[in-house]
Each structure stands twice: as structure tokens, then as C-alpha cells.
């Protein structure tokens, strides 16, 4: 059973990692924590649903289109709602992110609230057996997408000027403008990328959780737990934290009590912050207080 | 303490206004209309249960189209409380004092219904609970409150009976949410098993919003069970069944109400995980079956635009059919007292929707008890009475 | 640039706003004569949320800490009150005090991580986790809390007099809320309140001029807990049903919305925010299904168009309400 | 004016409810250093920020090399050749000196980078020895040097210096004066806001006095220019 738990926990942890990665990208680039990220995940999944089921489009085309649409949505949220209040208190930004998410959820409920929506079945069904360990194809797909996303992000942030630009904008937006960086465009783009990654998450999660307006409500706090455990603001930390949380939840559930699965994330947040606030891979200096 | 004096005076005034009028209460009834309030969750995370409220409203619309009740049209007032208790109390007060309805027909989400109970009981306004399953809403008996649907105790007992009806079933496990809704099913099921000398071999929980049931499924699988009792809402039920199939948890399962069997299959997108899964069933027949054709014809065309028919659509109108029957019986001279008295006299009433028949008495305000089980039997979706035995 | 000097006019307007403050509850005494029972309930609920907003604002607006444990304080107050009344048949005033005390203790507890240097989003996330953990405890400590079904709270009694109607409760609530709001206003206007502001604006500078920041932080959190815990106690008496789901993340969003829509660090704003966000769902009820969407749009609109919240409307209408805001 | 690099015409700017510049006119010629004087709140920094694009003017024109750049966002102004060293310096505190400098040249081709860096290290030898040091850990004077060096990496047509001596120890004030003199000798066009009038008159070719939102006084800095007269024109 242990092997199975480790493998299944890893697969589940990949989803948490993806959520944590997206929030980390937005945070690293804009210093804003998107408290409405879970609802963007939901919005991405609903986009695919509309395109595939209602408009009859091909799944992969729809998925690509959903990622693009969510990029535009994230871009627009930053440009229209976040930028005007950027000079205000951080609390207003948190509230704005929450309110936008709440609006998306309310909107989804108005449109589809009382219907049950099966997500298009595109991942191959069936089971893969590796000795005593059972895997479903979607486990592998999720892990693959997360690995690819991490690779792309690692390349962009380490091997291109984007990484340094992000650090500059994070540490001093005015300083960045003084050296000719278009800070506004950078913020919008990063919000777009964060939202596009949310769409990716939605497309991967929806076949598992299926489709309803609150489908991603619990992912936010799990994403936070992953970020905290890995080290706030660290991209590899987000992935490591997500994987450890996924495995940890299953081990706790199987060997201690299933009642504890739900609070594993909360306990991790509280313990890590009390004992090692920088997390496993974080550098405390990166975080501006 | 002038303020306290004012307080007392105000209290006295309000008490006068609120106290149920002594003799014959005709609030909410005019020459041409009867006002009926339909509280339910139309927004929020549990909005899918709101279909039951829309179903009730649709049925009343049908009644009006047939000419109403003794020349009076039913004026249905939908009121949303998003499954929030403070809002539920507000809705109850609004329907009672602001809209001044004649009676209330609805109540979905047991926690909210429990919070509403003292408010409605004190007001004396008749309330026929349509959907909320917790038996404590009508137990102990409140003079003006009736349960028009089966309670979760009935369902839990039925789950236990069904599991035991499988020959040789001795090792039985349970999985459910930690909320009262799930306990409402699993506690009576456990009692039912214990009465037959079978203690649950293992019990595990799954919280709402979880996207994975690996730990739970593996634990159940290790226990080598003959049967599993399941009390999960629809999203988690689908995830549990998916993982049960994935990891080969082969024991048959019996689930509670609160999820739609057909929709769960649609969510999963495959038949295999549904094989061996049975679910307590509160209607006479499958909602698309011949036994429910009459109900469908009455309700589905009258749903408001944008509302789809789901299994929950019919989880409410059953009680409305009983209400209209009683209103018809009373005649033109309609009072709340007469309504309560007639409800208590209702015996063996067939709603055409709810499984079994409705019977009330002054000592028992829970009218419905009969339940079936739905599931694949020999590859065909059927309504069953016991393991391998089709309902009539 | 505004509010830098404690000029004479400032002080005079403060004194005047003090007098105005007492006029409001006096005017509200007659309210039950003109409204019906349902509106009365909503008014009572609004009073509860006034305390929720005022207490939350002490930590968010005045102390400037991103702590999101408010729904937990609210729940702890409600559960403490409910438990005493349900299990021990305690009279309401005693249970109310217990609710306030429990809230205050929870507040002091939440201040501890803040003392350990946990700030900003770390504190936000940690307090979010704390709130969710409390909900898990309500569900699983069912010997005391009766689990997720929650508890049916008995009718509150006041010195032998049973509070039956919402009008009875209204006068008790009005007295409690007036008292606590006045106390909070006095606290914030005192040396203590100025210390909160100093900590918010520059913690290091505050410490360097000899302000014992740790002590004041615990004090601010504890007072916030007392006020919100009392709100929880009133909630238990009003709704008479206390269950875990009443203190979830959606509830926290409502609390946060009250403070932000009303205006950070503005007492009048919190009162206004509570009134608007309690009344809005009732008004939107005729549009079933749209409530969440409309409330979210309301929040977005206020944030965009009135960054200092509805309180800035008051400030525009009358100089008496002009107060110092979060970030000038 | 044939040699005018920066022409500011009837510039009006301010913040909601607060008008600060009410029609400012001045010219900066190629290769000269002009110092902007004025009392606190007279709008000196607002003028620089309007030219750099941080403040959007409500009226007027700003011509750089004959091209109107009024109302352009900061990154466009930068691209046009306006580079500011702001009062707060606005460095990237957790990046190294060299990373700060490289970011200053992020709009130049990568191939130019080695030459640019070498040039700056030649002009600021102190920085050459500290290229890996995090800026946060440096003194105020050293940070000011990084800020000026970072601005030079952008190869400005005109360098705007906002209070370069602000808050520095006397030793560093001398150093800054020397740097500005060197830049002037190298032909860099500069518009400087400076409170220290003695220093200002020492480093500038011409001066402007802002008062009540307008240019109240202007003139060449000559040996005869009396500090006292200027102080009077600023404050009286």
C-alpha cells in the first residue's frame, strides 16, 4: 500500500504544485498574492466546457483557446481592476482579487449553477499497472504537464532576462520604470500568464473533480500550503511543497486517520511558519514585508 | 431605566403583532389567491439542490393552469438562503412577516431547516418540509410542521437493510462526510447493522471538496469488505467511485440520497465505475421511467427558463401534491388551523412521485417512510426493493 | 498630506463627532415602532455585523496587520456562548461575557505568531489556516459542539426576563453594540490608538521611540477578539443555531468585505459597511441566483471608485466624519 | 534656439485637487548643466517626473530633440533618452551592483554590454571592486554612485538628477560634485534639482528658480552670481 500511496500522492501533489506555481509566478512578478486564483482555475475549466460541449469544438483546440482566453482575462483583470488601486494598501489588492474570484464563481453559478456538467472525456480511460502500483493515464498526463510547465518556467526565469526583470519589478517598481522597463505591461503579462496557468490547472483538474462553480475552492489554501512549505516565492519550492503535501495527505489519511486529510494543509502552514518561515527552499530576503 | 421601559413596550407591541391570531387564521389567503413560500438554496455551493424549489414552483404553476384550488390561484414565492443559517432565519421571518404567506413548502439543507424550525414553530405558520432530510426537523412533533419526504433515518435504515439483504454480507464498511447530513444516513445504517449483529468493519471519512479518495479506497479495500455504505455528496461520490474502480474496490456499495445516480454516471463518463453501486431512491420510478411520466408532464414544461430537469427537480413536488390535495379537501373556507388538522388526517396518500404512501397523525408528522434502491441490475438501470429483487 | 497636524479644528471636530456618535443610538431607540418583525431581524443581524466589522478593522485598519482569523473569533465567541447556554443553562449575560473573553483569548493567541515576526502574507495565510482548523475542531469535538449539525441555543434570558422577540433582543444588542463601539472609539483615540497607528505606519520607528510594540500588538488583537467574540455571542442569541458552516471562508469574505467596503481604519465605515452588506442580500433576494454576483460587483465597484470606502462619502457629506485614513 | 535639446513649454501638472506647475517654460541646451532651484513644494521634482513620464501633465509640451514626448509613460521617455536618477534612488536592493548596472542597459543590445560596463567601472572604480555586493548593504553615498552609474548605462541624451547630494555626508557631497563635473566635461546634458545652493551653483552652467508654479528667475551662473540674491528670489 505504501508504494501506491506514494505514487498516487505524487500525482495528486502535481495538481497542487501547478496551482502553487501559478500563484508564485504572479507573486514574484507583481508582489500581489492572487487570493482569487482558485476561481480562475474554475473559469478555465468552464471555458473548455463551453467550447467543447456547447460550441462543439475539438478538445485540444478548445484547451489551447481556453488558455489564451484566460491569459486575456488575467491581463484584463490587472489592467482594469488591479492597476488602478495598485498604489493603495495591500489589503485592497487582496480584497479585489477575492471579489473578482467571487464574481467569477457567482457568474458561473448564474449560468450553470443548477446543472451538473460532465467534463469532456479526453484522457484515455483504463488503468496502468506497474507491479503492485496502479496508475491511471490522467496521473501521467498531469505529471507530464506539470513537469513541462516547470521546465518552461525554469528556462524563462533562469536563462532569459525575464528572471532579472521580475526581480527588479518586484524589488522596486519605480526603479524598474527608471531603467526603461514597461512595468505596467510586465504586470499585465504576468497576470495573464498566471491566469493561463490557472486554465491549464482547470483543464487537468476538471476531469477529476468534474465541473461545478466551487470545484477549486479548496485548491487555494492547498496552493498556499505548498508555497509555504516549499518557500514563498520559490518556483522549485512550489513544486516540492505541492508534491510533499500530496504525498503527506495520503500518508496521514491511510496511516493515521482519514479525518486528518483535510487539515494536513493547515497544519503544514502553521508548523512551517512557526518553525521555519522560509520554508524548505525559500530565501527569507526575497520576501518583502 | 427609560430605555428598558421602551424596550418592554416595544416588546409587548411586537408580541401582539407576532402572536398567532387566536381563532381562525386566514393570513395569506384572499378571494383569489393563496400565498405559499418556497425557501431553498438558489445560490451558493449547494445551489444544485435548489432544483427542488423550482420543481415545487413549477408544480404550483401547473395547478394554477388547471384552474387553481377552489377558484384560488397559488402565488408561489421563492426565497433564497444559500444554505446559510442566518439567512435561513431571515428568509423564514420574511415569508412569515413580510410576505405573510399562508404556508411554507420547502426547506432544503438540514442545518438551515433546523435553524428555521423554532422561528416557524413559534409563528404557527404551517410548514411542509419538502426536501431536508434530518428527522429532528419534525421530531419532537411541532404542531404546524410536517415532513413531506422520507427522512435520512428512513434512508439509513434502508441502506442497512439493503446491504444485509445480500446473502452472506457480514463485513460492511462505511464512508461519509463528517457533516451531520452524512451522519444522518450512516448512524441509522450502523444501528440497523448492529441490530442484525453486524458491526461496521471499518469507517472512513472524506471531506467536502477533496479531489482524491486514494487513502480511503485503499483502506476499505484492505478490509476485504462484502458491502460499503456511502454517504457523500455528488462531486465527492463521483471521485470516490472513480477511485474505487481504479484501485479495484469490488465490494458492492449502497449510497445515500443527495446525489443523482444518472448524473453521477454522466460525470464519470463511464458505466464501469457505476456497476455494483446502488443508491437509496425516494421516487416511485426512475425519473425518466413510465411511473414518473405524469409527474414529468406536470412539472418539466413549467420549469422557469434556464432550469434543467434533474433528479432533484422532483425532490419537493411530492409534498406539494399532498398540500394541494389537502387544500382541495378543505374547500373555500381555508384557515391554517384547518390545514394542520387535515394534514394530520391524511392517510395512505399517493403523491404519484414519492415512493410509498404518505400518512400523518397528531403524534407522527413524518409522512413518508418507504424507499427503494436504484442501480444496475443485470446491466439495466432498475429500481430495487432488496438485493436482486425489483420493486413493483 | 492631510491629518499630519493635530490641529485645533481636528480636535473640535473629533469632539463634535463624539456627540454625533451618541445621537445615533438615541435615534435608533424608536426604530422598532416603525419597522416590522422581518426588518427587525435584519436590523439585529446588522448590529451583529457592526461589531464584526469594527473589531476586524482594529487589526486590519488600525494596526495594519493582514490577519484573517476574524471568522474564527466570531465562531469562537458564538460557540463559547452557545456551549454555556446549551450545556450549562447559563444566563445570557454570563454567556455573553464568556463569548467576549473567549474571543479575546483567541485574539491574543493569534497575536503570538505576529510577535514572532510573521507578517504580511505569511500572517494572512497562517490566520486563514487557523480559521479553517477551528472549523475542523467544531466538527470533530462533537462531545461539546454537537458536531456539524450544530447546537440549538436556548432562548437568551436577561435577569430572569426571557428575550422572546427580536425587539427584545434589539434593545439588548443596541446597548451592547453602542458600548463596545464607544469603547473602541475611545481606545483608538487614546495613546493606545496612536501607538497602533505608529506600529502600522512604521514598526521599527515606533519601537525606536520606546513604544512597546509587542504589548500593543497583543492588546490590539485581543481587543479585536473581544469585540468580534461578542458579535459571535449576539449571533448565537439571535440565530439560536450555531454550526461550523456558519464560520467558513465565505463568511470571512463577508467580514473582509464589510471592512473594505466601509473603509479601512474608519469606525463609521465599518458601521456603514455592515449595514450595506447585511441589507444588500435581502434586497437582491428578488433576483434569485444573482446575489453572489451582485455583491461581488458591489465590492469591485467600491474598491475602484471609492478606494477609501463608503466612509469617504460620509467625509464628503460632513467634516464631522473626516478621519485619518489608512494611507494618506 | 538651434542647440536646444530639451524644450519645456507652458507645462502644467499636478495631482487631483492640487495644481503644482502652472505653465513652466525653459530650455536645456546640448551639453550644458541646468540646475532647478526652488522652495520645498515649488514643483521641482514634479517637473522632473513630468519629463520622465511619472506624472502626466495636464497641458504643455515637452520636446526632446524636437520630438514631443509629453504624456509618454516612463519606459517611453527612457527609450527617447530621458534617464532620471531619482531622489530615493530606487535601486534594486537585493540584486548585486552589476545586476543593477546590467538592468540599466536592458534596452541596449547585449553585445554592447561589456563595453558599457567597462566604461562605467572606469568612471567609478569603487564599484568595480564591489560588483558582486548586494546594493542593500552599501552606504548612502555608494548607493548614489550605483544609481548614477546605472543611469549612465542607459546612455541618456539627458540625465535628470533629483537631489544628488540629498542626505549624504560632506565627503560624498564633494564626490558627487566631482562626478557631475566629470560628466559635464564628457558632454553629458543634465537637468539637476539641488537644495544645496552652493553646490548647485558650483556644478551648473545656468539656473532656474521655480516659484508659485512658474519660472520666477533664470540666469547664467557666473562668478558674479550672488548666492544671496538667489536665495532671496527663492524664498521671498
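Per-chain numbering from 1; labels A, B, C and D assigned in written order.
What we mean here is this: a residue touches a chain if its C-beta (ideal position, glycine included) is under 8 Å from a C-beta of that chain, and two chains touch if they have at least 3 such contacts.
Everything numeric here is computed off the predicted structure, so don't read it as measured data.
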Where chain C and chain D overlap in contact partners, by chain label: A
Chain pair with more C-beta contacts, A-B versus A-D: A-B
Of all other chains, the one whose Cα centre sits farthest from chain B: D
Computed distance of Cα centres, chain D from chain A, in Å: 43
Averaged-CA centre spacing for the pair chain C and chain B, given as whole angstrom: 36
Between chain B and chain D, centroid-to-centroid distance (C-alpha), Å: 74
Sites on chain B at which at least two other chains make contact: 43-45, 47, 178
Multi-partner residues of chain D (each touching 2 or more other chains): none
Where chain C touches two or more other chains, by residue: 140, 289-292
Touch-based graph of the chains, sorted into line, ring, star, complete or other: other
Every chain pair meeting the contact rule: A-B, A-C, A-D, B-C
Complex contacts: residues of chain D adjacent to chain A: 52-54, 73-75, 78-79, 83-86, 88-95, 99, 102-104, 106-107, 150-151, 153-154
Chain B - residues contacting chain A, complex: 43-45, 47-48, 50-51, 54, 178, 204-207, 209-212, 214-216, 218-219, 222, 234-235, 238-239, 242, 246-248, 260, 263, 266-270, 307-308, 310
Chain A to chain C touching residues, read off their complex: 33, 81, 84-85, 88-92, 94-96, 98-100, 102-103, 105-107, 109-110, 113, 217, 221, 224-225, 228, 232, 259, 262-263, 265-267, 269-270, 273-274, 277, 287-289
In the complex with chain A, residue positions of chain C that touch it: 60, 66, 113, 116-122, 124-126, 128-130, 132-133, 136, 140, 249, 253, 256-257, 260, 264, 289-297, 299-300, 303-304, 307, 326-327
Parts of chain B lying in touch with chain C, wherever the complex brings them together: 3-4, 6-7, 10-11, 13-15, 17-18, 42-45, 47, 78-80, 82-87, 89-91, 93-94, 96-98, 110-111, 114-115, 118, 134, 136, 178-181, 183
